[in-house]
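Once you've had a glance at the structure underneath, I'll fire off some questions.
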């Protein structure tokens, strides 16, 4: 299996509901450094997994819709905790949608699976990993 | 699959038996930066894999029993080389035991698998990865 | 000159006033990974710059007062932008005050200078560096 | 599953053919920081996955044949784009060949799989992962 | 003293003249991860060292003129070895020129000094540091 | 001022005397990732600060004399705590001696100053910085 991994980041505010979150129930924020690993069984005719330029543009467009925002006020997450895990899944779903829409090019249907990792600090991260 | 990864570290002394280890047969030591990745298929009702606060407390408790010690004198490793691989397995087993004991909370039985990685330098690490 | 550097982190929300900040004028947030470098000309009798355990406790106490908060509502920053630069200076001042209060031990008056660096992402950081 | 990961690096020149590569069609270059993860189900009698000294020697020998070269002029890659993905596979194949040749020692037939990752910058990498 | 540090990167080909360079006399290449630290004594009225958005744009424009090129063919470096040290100075000079041209805004004359660091691998880097 | 920084590492055992060290009074160990920054005002005729190959050889030779050892039994440190600060100074002194002995080449007398940093974990390091 081949893969390529590209990186971006977002800076957001949010708060969590549930005693398990302790002080993180207060309005606070995070920088998420976002790694997206894209996998396919074989390379395309150019010798690549995806056009990394297009993939980076897609990732940045996905992140732009989250960046510099208070996620407590985003309709997409209404009634849900925007934990690092939930956001990893949200980025995964939005990149997957872009792939299905053809934003990665015509041979992107060969993409087998992805892994999205959000690093919230130097000591903690969360990932969502699935087939497409 | 979802996962969260948390980090801690230990500083230990030890020596190895076997010609393959060359100068590492002498008493020396290591800082191990320890990453524990915990995976489950679905998130719990709070939108998380585990209570990261409790998981961190468990990891620190497990590492505390190894930290600032000469592992050559620890009964748990008598007659064995405490290689990075062996220590990754030992941390895995002790965190897994804590999960079975309920130290991660009541819904931790949904944890599917874990990966424990010990970084021994900027150029070498070892991992143990298994289902629970 | 000798130095030791210790690391902690905070996760905060805030917004900025001023057109120069563009989308960062909206309520958003950041993880700041905080490095504090403490310098002195000569080592003390134990062969150290400071008791790193006490220094870490002081840093964590300073960061605890900022962590998981919306800095727009903190009296200490009323009327000011809590930029990475301003926060680096705030952490510097609070650690310096702890040193003057004796929280680092009796020989901490030998500390010559400090540098506080806040990493806001994998591509940007800010520092404040001064003598004591 | 156990694994060990070792690191090396190369500095090469090359160019790519294909409009998808944009400015990378020009002669340029890269530093690739190379991570090789080697996996086996059980540890050998010494408590290790492989003799990390021998594995590092093999990796360095493999990288030496690529290092400080213009890959456009290497016969091994004639007619192909030496993308990060293609080079990850090439390093994988050469390390696998060394394992089959006995360069890792007599019990290396227990190695189950490998993953080779080439980091081309702080924001992009590619991997090849397969069983042996 | 306050500072902010921003990061970019380039991927170039080049060769060196001089026996001291050994195999690096051959045409090869490098990824340089570039950190620019910009310092001033006091913050401006917005509470910042520089407009980090403008500074990043300037850095990217400077790097764009070097990126994906064979530096052996660049007139700017004719007759000179484009070592990591020489390139650190070249980036410094070009960013300094942009500051003098007003590309960082009207109050950038308060910038006291800069440090440009080029990381050529995980084990080597070079810097140029000077007042403006 | 120009500088180059090179990296190596050692894995040692030791113990500390003094209540301030708490559990680190027990025999334990550390991996030290060692960065040596070498500075000079101007570049030499080849466009470099030092021959990085020779400098790396010298650093490795210095580290080899410390590596895989119990520092409590090394005559060079008899009666002293081998804290991270003390070891940073020891590496500094030994590299400085090699420079004076001509191991860096004939123009190394132009080296103005050095900084040696030992990273003992992902959250702590110590440095010694001085002119030559």
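In order of appearance the chains are A, B, C, D, E and F, and numbering begins at 1 in each one.
Simple rule for what comes next: a residue touches a chain if its C-beta (ideal position, glycine included) is under 8 Å from a C-beta of that chain, and two chains touch if they have at least 3 such contacts.
Remember, it's a predicted structure, so these values are computed and weren't measured experimentally.
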{"item": "Most distant chain from subunit A, judged by the mean position of its C-alpha atoms", "value": "F"}
{"item": "Interface residue overlap between copies subunit A and subunit D, same or different (over half shared)", "value": "different"}
{"item": "Longest centre-to-centre distance from subunit C, chain (CA-based)", "value": "D"}
{"item": "Rounded Å distance, subunit A centre to subunit C centre (Cα mean)", "value": "30"}
{"item": "Distance between the centres, which are taken as Cα means, of subunit F and subunit C, whole angstrom", "value": "27"}
{"item": "Subunit A and subunit F: spacing of chain centres that average the CA atoms, whole Å", "value": "41"}
{"item": "Sequence positions of subunit E contacting 2 or more other chains", "value": "7, 122-123"}
{"item": "Of subunit A, residues touching subunit D in the complex", "value": "1-8, 37, 43, 46-49, 51-53"}
{"item": "Footprint of subunit E on subunit C - complex, ascending", "value": "16, 18, 20-22, 80-86, 88-89, 122-130"}
{"item": "Residue numbers on subunit A that touch subunit C, as the complex places them", "value": "7, 9, 11-14, 23-24, 26-33, 67-70, 120-123"}
